[in-house]
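You will see subunit A twice below: alongside subunit B first, and alongside subunit C after that.
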Partner chain A sequence: MHKLFIRSFVSSLVFLFTLTVAAVAKDVKAAFVYIGPTGDHGWTYQHDVGRKAVEAAGFKTTYVEGVPESADAERVLRQLANSGHDVIFTTSFGYMNPTNKVAKEFPNVKFEHATGYKREHPNVATYAARFYEGRAILGTIAGSMTKSNVIGYVASFPIPEVIRGINSFTLAAQKVNPNIKTKIVWAFTWYDPGKEAEAAKALIDQGADIIAQHTDSTAIVQIAEKAGVYAFGQASDMDKFAPKAVLTSVENNWGPYYVERVKAVANGTWSQKDTWHGIGDGMVVISDLDPSIPSNVRSKVKKLQADLASGKVHAFTGPIYDQKGNLMVAEGKTADDGMLAGMMTYVKGVEGDIPK
Partner chain B sequence: MIKIVKRDQPSKAIFFLTPVLAIFLTLVAGGLIFYILGFKPFEALKFFFIVPVADMYGFSELLLKATPLCLIAIGLSFCFKSNNWNIGAEGQLTFGAIVSGGVALLFYEQEGFYILPIVILAGAIGGMLYASIPAILKTYFNTNEILVSLMLVYVSKLILDYLVVGPWSNPEGFNFPETRQFSDSARLPLLFEGLRIHAGIFLALVAVVMSWFVFYKTYLGFQMKVSGFSLKTAKYAGYKGKKMIILVFLISGACAGLAGVGEITGPIGQLHREVSPDYGFTAIIVAFLGRLHPVGIIFASLVVAITYLGAETAQIFMQIPKYTGQVFQGMILFFLLASDYLLFFKFKFIGSKK
Partner chain C sequence: MIIDINFVGLIIASIMASAVPLILASCGELITERSGVLNLGVEGMMIIGAISGFALMTVTGSLIIAVFGAMLAGVLISTIFAFLTQTLITNHVATGLALTIFGIGISAMIGKNFVGIPGKEFPVLFESLKDTIPLLSPILFGHSIVFYFAFALPFITSYFLKKTKIGLIVRAVGDSPESASNQGINVKLVRYACILYGGAMCGLAGAYLSMIYTPQWIENMTGGRGWIALALVVFSTWNPIKILIGAMIFGGLTIIQFHMQAIGVRIPVQFLTALPYVVTIIVLVVISRDSRKIRLSTPSSLGKSFYKDN
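Our next item is the complex of A and B:
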């Protein structure tokens, strides 16, 4: 009887608590600032999918798309902070300085900046995804599927994020096929279908029979489809744009993180941190594998995926050599996050130089 | 019955009234578009044109946004008045920003009152240098300045890309495409605490006054006007055409370069890939909406600036796609060009007498 009373008392307390939390939660408003249009089927599109997950969790959201990284970003941020938003996600690197500047003026508003490294005020957190884990999966598939042993790679800008992806991809491909070469074309853009298509054509002309990309448009997979070579989708599942060419895609899955952080704001448990999640936490997702991938490759991929998720395997496990043959990571060691964050050298097997 | 009759002479009143008409028609068409998209037209227009400037902060942001537009448009008015079609102000802005940014980086972590004037001057010179390319090619090699100036825009953006990715990138910045932050001595002073409006606005005002003086009080202004109406007449009158072409391009380039300086030493404080959201192109609309008149350009730059601010506000509060701001800018130019028809033609109402 006594026990029962305590139990019901506790459960009603819990019930009341959830009610209040739910009531508070309803009041929290989240805002999202996008660099591109929500219909780009790449970077911004996936952030907006994440925003919709926040809406589905019962929170109000606002977004502003196509915000240039010029002087305008600061005004948009200030206006969002001023109009009752409790947490603001700024989803492009170029918003780093405006985000920190506006955060200083609005200490009660939380700011979450994607892909940056500055957290100058206690109300600024940063987050990014370990896309290189996804690229290790792509490398495994590419190394197994290539016939010409030349793999093309359309890259955006020579920053650590992109170099890391190229390296992770190449290392994984070499593991299944030591003879492969990765050829890089730098497009110097994140989103420019015309330039990306030109880059893909150039790589196909140089004998590449698989094209990987670190740019956001669907142009490359479409060029690959026409040329009869394989490709990988970027940011979202691009299979529907090139059903034959796309072997799989690395999807950016921001929803779970966004929901978790907005809930933390609602509960009052939000705190500053730097998040770098990969396959294990579900921030990086591999789309369904194309039927053309043979079963022995499939099983390799599934195993690597499980091992990366559990942490049993690290994408950068030694021995790793740079292009000149210098040891970067010793046998049995793995690259630490500091090394990954500043990675600006190609590993052996990547052709060409990093543009300076 | 209504009959369309050609005017003997373009009407002066209509000349200054059509921009107002164009803005009015844009508002009507904009309201209609909002209605079709399923938004309440008056509420949407309120969030577009009134809410953004309803307080002191909003008004200061309007001035901040209008400053580069006004400055560039004033420069362009020199070119356009004299029949020189400089479409590359965006490139001149970018190159001005590159040169002045480079100078500002030279003074990294240094202090001194002399730094800012040097940085500003460097930007003007950069813009002038870049504008001199289409000007010289036009005068001595008869190239088309529209094409040359336009193509150079893309060249300037690639140079900027190269610099911020490579040699000028912040050594502590993990190779992200941006430079270091400029030192405070290389930044334009803010006019009010807590607002972003900076001393660059005075550059724009000086440009406005100087252009008025040149256009209406000097022989040069008269020569420009004559060349604008008829190049043959100008030649017959013995004006030195080549010198004038180069001069107007230099003025235009200097103004665009200064606009670039205003952006990077004002609100941005560093060089990165997106110095300007295409101010150089939008300023072409501003110049024509302002009828190439200094005062007209001031008003036009404010009207066009508010389409940027309004688009942001409308998306935040009403979920109207932000790109409608560009639709509004396009409509303003479209209706202006369309209503220019009234300059040369008039409607005559004819009674039914036989």
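Our next item is the complex of A and C:
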């Protein structure tokens, strides 16, 4: 309850600010709506890095952080649309319905919704990143570098985005090392450094010598550094938090897309579309590989990265079996985007059940 | 699976490490509550301690300044609470809640420039003895000074309340401020001191999180531990030793449920996640069910404002 209260309080303060700032200028103005604080050093932080790129390209931007995915979101959107913003980016899945609802009321304002699939009005576009491509790279490194053949994975919530990541990671790791097992621990949080650290410790104590994460804080890589095992950074380059442990990071890079779309609004060329970009378009970026990765693994990774980028290789190429041995994707086929978007079953080699 | 004895030691050590912030904050709040003041601002004071400790460590580079600075920050923010509730006689509950909201907000504001900076390594004691005794070594050695202090604190607190004159005064003020006042005790002064002490301990608990446990700053990093600390005080029926037990059970179940997940025990994860909260409450209720003892240890004037007509 208190969190909600603070969030709405903060958002209303930001509004007042927005209103006063927004009323003056005439150029194209972009607004960003964030689910978390820009200080999370994860999801929202990276979107804000993207916003700064838009600013650097010469456009005016405003943002509202900590907006709950509720009726509050609608109010925020309406206010932003009313106060002269030409394009509004809504950066969380839960803003899907509010975005479409408000878009109907403001046909002259463009709306860009991240990670959703509803485009009910011509002024709503959607965009997301193929993070699973990045996770295939991580899986390749993990499968090559593990000695215990046990890889730990700290997961957040059982949603397709996370399951898809676990599967892509495991499939890639199995390709280079058929004996590996992926142990999943669900932390049921996006960021709580204490909890994430405890989850990582448990996995390390259980014999995992590489830890992957789908939560946002840097606690896990720090624990890995202390315990002398390897880890991967999430959302941003986490190397400086654990120089020895972090093998590489998957970075969310929204800047180029944001700049392109705001420019399109300025030139009058903006049109509705659904964007799902991966490594090839630079929305998913692999940080520098750690020097401890041997050259044969390095070349394997570079090749996969190039092939994923060019589309020569798909991270979900058959034959893929689920945990019970049922065929999910036939040999020679690849999973289509519909299957990826709704993926809620583990592939073979992942241990445990998906929490229901 | 063969259970290695050192493995058990490691798990116990990580349970103890996770219990440290709860013990510190609860023992601090316990003294505050024993003097009759209900301060719901624990979470806010902790987060202020967390950002102050981390910021001072980054800016000054000195861990000592950072740790004491975090405690001082806890004292400063609790002074606001003390002034409002004791001098201006505001409502404890409302003021405490406001303190938490204030703390979270202001820490986020100060913290803007400290996101994404790695923390410093905090020195540990007796590291060389870490492999000497099976099972006990990982539990006893190789921890930070704050860790040892936290595990001594419940005993010090218990001794202080039961055996010292000042402890008796604190309890008297909490049980019956009117009679204490008639005995010539300055109720306001005692309560001020207890609130400030609680602030210092919460500040230290926050600093432990941002400097030692997970050395980094991100917004809201206390993650509700202040509320758990508050609940521990109540469910332990204001008994510091039971706080220690409660904090260990809570930390223990949080960690063991992760182990159970990793082993692949087929229990619904949501149930495992809820387990620490449920079991801690049940155990504390069961071990504290002696109603006579509860009456003795519950500060009867808890949360009631006291003012003297002159």
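Definition applied: the second predicted complex is superposed on the first by the 329 of 356 C-alpha atoms of A that agree within 3 Å, B and C clash if a C-alpha of one lies under 4 Å from a C-alpha of the other, contacts with A are read in each partner's own complex, and residues count from 1 in each chain.
Throughout what follows, a residue touches a chain if its C-beta (ideal position, glycine included) is under 8 Å from a C-beta of that chain, and two chains touch if they have at least 3 such contacts.
All of these numbers come straight from a predicted model, not from anything done at the bench.
> For the overlay on subunit A, clash or fit between subunit B and subunit C?
When both complexes are placed onto subunit A, subunit B and subunit C end up clashing with one another.
> More residues of subunit A are touched by which partner: subunit B or subunit C?
C
> For A:306 in the superposed arrangement: first (subunit B), second (subunit C), both or neither?
neither
> By the touch definition at the top of the document, which applies to A:222: first (subunit B), second (subunit C), both, or neither?
A:222: touches subunit C, not subunit B.
> Once the structures are superposed on A, label A:56 by its partner contacts, choosing first (subunit B), second (subunit C), both or neither.
It touches nothing on subunit B or subunit C.
> For A:327, select first, second, both or neither according to whether it touches subunit B, subunit C, the two together, or no partner.
neither
> Mind working out whether A:341 is in touch with subunit B, subunit C, both or neither, as first, second, both or neither?
In the superposition, A:341 touches subunit B alone.
> Quick one: classify A:94 as touching subunit B (first), subunit C (second), both or neither.
In the superposition, A:94 touches subunit B alone.
> Once the structures are superposed on A, label A:193 by its partner contacts, choosing first (subunit B), second (subunit C), both or neither.
It touches subunit C, and subunit B stays clear.
> Could you look at A:83 and tell me whether it touches subunit B, subunit C, both or neither (first, second, both, neither)?
The first partner, subunit B, only.
> In the combined picture, which part of subunit B sits where subunit C already is, 98-106, 170-178, 296-304 or 332-340?
Only one listed stretch clashes with subunit C, namely 332-340.
> Hey, what residues of subunit A end up touching subunit B and subunit C alike?
37, 188, 355-356
> With touch defined as at the start, can you tell me which subunit A residues reach subunit C in the complex?
It comes out as residues 2, 5-6, 9-10, 36-42, 45, 152, 183-189, 191-199, 201-203, 205-206, 208, 217-219, 222-223, 236, 240-241, 351-353, 355-356.
> For the complex, give me every residue of subunit B touching subunit A.
57, 61, 64, 158, 161, 165-167, 174-178, 181, 196, 263, 266-270, 272-277, 308-309, 312-313, 315-317, 319, 321-323
> Give the list of subunit C residues in touch with subunit A in this complex.
Those residues of subunit C that touch subunit A are 7, 10-11, 14, 18, 21, 97, 100-101, 104-105, 108, 111-112, 115-116, 118, 209, 213-221, 223, 225, 254-255, 258-259, 261-264, 266, 268-270, 273.
> For subunit A, which residues are in contact with subunit B within the complex?
Answer in residue numbers: 31, 37, 62-72, 74-76, 78-80, 83, 93-94, 97, 117, 157-160, 188, 341-342, 344, 355-356.
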